[in-house]
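To keep things simple, chains are lettered A, B, C and D as they appear, and every chain counts its residues starting from 1.
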Amino acid sequence: MELFVERLLAGVTNGSIFALLALALVMVYRSTGTLNFAQGEFALFSAFFAWWLVGTGLPVWAAVIAGMVAGFVLCAAAERALIRPVQRKSELATLIVALGLFSGLNAAVALIWGTDTKVMPSIVPNGLEDYFELFGARVYGDTVITWVALAAVTILMTLLFTKTELGLHMRAVADNAESAALTGVNTSRILMLGWGLAGAIGALAGSLATPLAPEQLSVTTMFPIFIGACAAALLGGLDSLAGAVIGGLIIGVVEAMVTGYVPLVGGAMQQTTAMVLIVLILVVRPNGLFGSKELERV
Amino acid sequence: MSTVTDRERATEPRTERSPVLLAEGSRAYRIVVLVIIAGIIGLALIGTTLSVYRMSQVTAVLITAIAVIGLNLATGYTGLLSIGHSALFGVGAYATGILILDYAYSPILTLPIATALGFAVGLIVGVPALRIRGLYFSLVTLALGIAFPEIIRRFDDFTGGAAGLLIRSQFLTPPSWTGLTRFERGLWLYGLSFVSFVVVMLLVRNLMRSRTGIAMRGVRDHEVAIRSNGVDVARTKVLTFGLSGAITGYAGGLFAMNVGALSPDGGSFTLVKSIELITAMFIGGAGTLLGPLIGSTVTVFLPELTSTWTTGPISGVLFGVTLIVLVFFMPEGIAGRLQIIARRFVRVVPPDHPAARRPTTSTQNSGGNATGQKSVAAGGAEQPPGPNSDDASSEGSSR
Amino acid sequence: MRTSKYGVVAVAITLALAGACGTNTGGTTSGSAEDALSSENCADPAAVTEEITDELVVGISAALSGPAAQAIGQVLQGAEARFELANQNGGIDGVEISVIKRDDGFTPERAKTNVQALIDQDQADVLSTLGGGQVDAMSDYQNEQCVPLLNAISSVPKYYDPVQFPWTTQDLPAASIEEAAIARLIEERYPDGVEVAMASNPNESGQAYSEAFEAAIEGTDIKLVKNEPIVDPATTASTLEATGAKVLNIGGIGTDCLSMMNAIGRAGWKPELVIVPSNCTDAKLVFEPAGEAADGVEILRWFKEPILEEYEDDEAVLEYVDAVTAAGADPKSSYVLSGWAMADITVNALEEAAASDDGLSRIGIMKAAQSQDYQAPLFIDGVSFSVDGESDPFGIESFRPYAWNAETKKFDPVGEVISAD
Amino acid sequence: MTAQNVLDIEKVGISFGGINALTGVSFSVGQGEICGLIGPNGAGKTTLFNCITRVYEPTVGSIRFQGADLLAMRPHRIVGAGIARTFQNLALFPSMSVLENTMSGASALGHTGFVASVLGLPASRRAHREIRQHAWELLERLDLIDVALEDADGLPFGTLKRVELARALIARPQLLLLDEPAGGLTHSEVDELGVLIKDLSRSLGFSVLLVEHHMGLVMGISDSVVALDFGRVLAQGAPREVQENPDVVASYLGKAA
């Protein structure tokens, strides 16, 4: 029982991180209709920025918030200056710009802060004794905070989309930017906002993930998380917030369980197993678990 | 191409912005083709005079170019964005490596098997494309890309696992008929890669100039429309992906022979390689014939170039910036841009093009978009293009 | 089917190797190391025996860009500082050493191109590199051209073999040697046997450690109860904890050790003995970040290091600190030290070659490098770098165990020097 | 239902997200007939086209073409069976030239395998050449020779409409579905188009199902007219009858025909 709970908790925690970054991917997809290949590196940059601020003596929570602001500005600026001009050209062009950002941001992080491993402190105390027990398994504050952050972001996003005029506009732009513009929605602002929010969510994911990540904070930290988040967003359905959350949790838990309970496959084939499962699900549901089916308009 | 333009400019009086029409099969066209063939042979021969190290770099360019041609078929021409071609490359490479080391195959005989395995894996991955589309399909390819290194590590009895495979040079001696020694295998691999590249490029050219090629591009541009035109979209996608896998697998086989060291880590067969291939395809020009070669040249030489005048992360920043700048100013890629420029001067037209058939009369022009093309003889009209051409032309002139 | 000459050879070798393990060494030469080390099979036999008189070029292929660039930059700083010291001391018998570096971005393709460029274009007399994948990409060409690849900072099992790879040596202790010493250590602590759990990374190094440890405990009372790959450290830790093993042996590289120490700490698992391999040696990058969780974790070391209290005032250590500090490097970094050590052992081989009958030629250098018994000033007493052809291809074979003290942030010795034999 | 009909649509219904786009639509198109399909925007005209060409799957009803059940056919077989179409908002291939766009319409005629294509076997080349020659004929006939080598991307709307027509015609259809072919044309061009459609239909012997807002064109060339509104058939019959039908007049009230 204890072992099972431990594995479940580990899976849920990893899954929460995937889900947070997947939410960022969904935000971008809903505004621009593209997969932001650089989302993980935006998060990396923001996390390094937050780490640097902590070094200057800022409290961790303030540094994380500052990192989120930086993520917001960076992502919004990238949308306005780099993505929007090429978006009309082709899907591939947008992807290549994102790849350029991916490579450029990663190298910029290395240039500014170096490639050695950093230790990003957690928002909450995370010493060896800062835990409580749940069915015999230890639960630490820094894992709980990822669950809380995921729940909070999910609720806030849902409220934003369902209860506010801004959210209504965002949905209108996601649905059909042209007709939204005709009804007087400032699409330019909405698109930047969508990317900005994605950047902020990603920054949060990055700052919360690195104290837990095996490689702590280094230039390679975010790539595996980004891959997990991509898979989560696609599994859930690229335009579904709920899908991103559930997709992330499924992937996290499946990977942990496969490692633990399928000795034949074991840790060595963990990702493969998860990916094969996702592909099988997609064969049954080609637009993800909760994604909306696109009607072919001709 | 430019030499032709100069020739035409010199011999034919022509006005601005009216490209010379070069009819396929005409004398001028044949001369151009001969010049190109001579050029290719010339380039190949120049390559043999390079130092071992430079020659090996050119070989690496050619091998990458073949892999990119495979990717280009699926992604550039057919619009199936693949992030998993690193795995198809790896399948070919490991097939060659394992066959040489464990089954004592002579290297060149492993290539058909590497190709066949690439085809088979491509087909299997292509099958989900029947239902899964767009970015969701890219996820399927991503799954392949992620799974491959894990599978290699897991089945280490067979693949050497994380420790990798090392194919030593005595297994890679050129075939005896070449008369080359084992120390000259760089030359042999260069020749093999060069010939392979030319052949693969010709095959892809054939394909793209056939009805199947039109169907593939139709699938990319507008799936509903091409289906309404009678194309079995599902079959086209699956077979394209299979063929793409076959070509990339073949390149993988050559790669194994060239580098000799295969490992699931280190970026030869991981997503890093996929990104490299996609980048090369885009820089060269997605959906162009020469793009893969140009793009591969850039991606093989650029890192070396940047590391000579910068160090460490700056080269990475530069790479990212270059990529973005390129998208802004040359979204069609280098080959795509060259094609657009060349078209201003010369246009190759089918032999039965009405303008090529009627050298002197400029065609009537009632469409909304008058381009002012002026037909120039360019040696055209010297041969009847086909049995139906008379009917067609009489119908045309009767109006 | 036509069977060509090399096909027959290949069949013979495949059959010969069929009973061996899964890795292919793929060699043809048989007989002794002396036979293997000759100029006859070389591409240019004359160049191999020619004495180097003007300048000795050391060509290095390394990842100067990418995620590891900073660490590798430090390694190279250490190496260059040592070569510079040799030059200040009059070079190798008057011959200056110069270093040429080429960036391989940690990819085998570029390492392969680099080895060709270093040999053909840069006319390198001696090569070196870091990382098993790089040696794999370089070894074949460099052996064929008979250019020594000396003291590569890697520990790939197949290159401790002067018969198959007469022109290649590595300076890190082989996984088989280190794990044998670890098994010794465990035996000393638990004379009546004990259950051991192992966590190893899924990459080349982890595979080597796993295989080596399994081989080392054969015939002992040590029982390996479970060997889990480190993919998700938390899950690995809970799975291993469930075995109830008293000893945890971690086989991995720096970040694996850090993440596993964190993970077992958080799982609340306190094995009586936790051992990490020597490449997790860096205090600042591995042990300090792990905090309390690293307390008491043991590691085998063989250098006198500035971070070890008892050697702080050692003459050799002071010389090292001065030299690397002058070069702008951090003497406390384990990367700088490993680069220095690589160059130090190389310089020793070069000096021995210069004094030998073959002189400072490629063959002379390689012969010297294959029969070296070097008590480097920086080695802990009782440790030496000794190789002797195929009878003893392993350089470092003795170690001293140290335990990390999380409170003082220092390593304390926890026993005498252990030998792997 | 007579044996003379090429197309029989019977009680076809389809809904999207709970909204009925078509409800119990039934009518037929006779052999050689030009049948106009009219109705205000959103009446379901294009949806019906999409049902016939199997872009959409009708929830109920049957569609038969020369007696064969279209709904049992795989979508890409429709054109081979003899039905070609054009699209309201253009569905050309922007990266292909006008010539290639036209040639793409012949994809169902004959079959060239992948292997033959890759190897450039004579069969593949011959098929390609024959289609190209047919394309030239059509391009001449539709006045598109001058733009034949231009990419479809960036040509004027009216020109592209004709390219779509050429692409549909190259399939040698027995039934041609035209979705607002007069869109973007001037008055005189519309008249020319009417003549052209009628001519082509006569000389090549195909039936036409024509969706068009331009009433002059529909009433001028149609043999019969079907009026749709809110997914139902309002009226059908001779052009004059339908035009005068009070329901049709009501549904078009306020709209200039």
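We adopt the following convention: a contact is a pair of C-beta atoms (placed from the backbone, for glycine too) under 8 Å apart; a residue touches a chain by one contact, two chains touch by 3 or more.
Being a predicted model, the structure only gives us computed values, none of them experimental.
Chemist: Going only through chains that touch each other, how many steps at minimum separate chain B from chain C?
Modeler: 1
Chemist: More C-beta pairs touching across which pair, A-B or A-C?
Modeler: A-B
Chemist: Rounded to a whole Å, what is the gap between the Cα centroids of chain A and chain B?
Modeler: Roughly 35 Å separates the two chain centres.
Chemist: If you average the CA atoms of chain C and of chain D, how many Å lie between those two points?
Modeler: Each chain's C-alpha centroid was found; their separation is 73 Å.
Chemist: Please tell me the distance, in whole Å, between the geometric centres of chain A and chain C computed from their C-alpha atoms.
Modeler: About 39 Å separates the centre of chain A from that of chain C.
Chemist: Calculate how many whole Å lie between the centre of chain A and the centre of chain D, each centre taken as the average of the chain's C-alpha atoms.
Modeler: Chain centroid spacing, chain A to chain D, equals 46 Å.
Chemist: Where does chain C touch two or more other chains at once, residue-wise?
Modeler: Residues 66, 69-70, 202 of chain C touch two or more partner chains.
Chemist: Which chain B residues reach two or more other chains?
Modeler: In chain B, residues 150, 153, 224-225, 312-313, 315-316 touch at least two other chains, as defined above.
Chemist: Which residue numbers or ranges of chain D touch two or more of the other chains?
Modeler: As it turns out, chain D has residues touching two or more other chains at 55, 87, 91.
Chemist: Throw together a list of every chain pair that touches.
Modeler: Here the touching pairs of chains are A-B, A-C, A-D, B-C, B-D.
Chemist: Over in the complex, which chain A residues touch chain C? Could you list them?
Modeler: Listed in rising order, the residues of chain A that touch chain C are 3, 6-7, 10-11, 13-14, 110, 114-117, 119, 127-128, 131, 137-138, 140, 213-216, 218-220, 255-256, 259-260, 266-268, 270-271.
Chemist: Please name which positions on chain A make contact with chain B in the complex.
Modeler: Residue list for chain A touching chain B: 35, 82, 85-86, 89-93, 95-97, 99-108, 110-111, 115, 227, 230-231, 234, 238, 268-272, 275-276, 278-279, 282-283, 286-288, 296, 298.
Chemist: Which residues, counting only chain D, touch chain B once they are in their complex?
Modeler: Listed in rising order, the residues of chain D that touch chain B are 53, 55, 74-80, 84-85, 87, 91-96, 99-100, 103-109, 112-114, 116-120, 124-125, 127-133, 136-137, 140-141, 143-150, 155-156, 158-159, 167, 171.
Chemist: Would you mind writing out the residues of chain C in touch with chain B in their complex?
Modeler: For this pair, the touching residues of chain C are 4-7, 9-11, 14, 22-28, 43, 64-66, 69-70, 73, 103, 105-110, 112-113, 116-117, 119-121, 132-133, 136-137, 139-141, 144, 156-158, 202-204, 206-208.
Chemist: Spell out the part of chain C that touches chain A in their complex, as residue ranges.
Modeler: Listed in rising order, the residues are 66-71, 202, 228-236, 238-239, 242, 254-256, 258-259, 265-268, 285, 289, 291-293.
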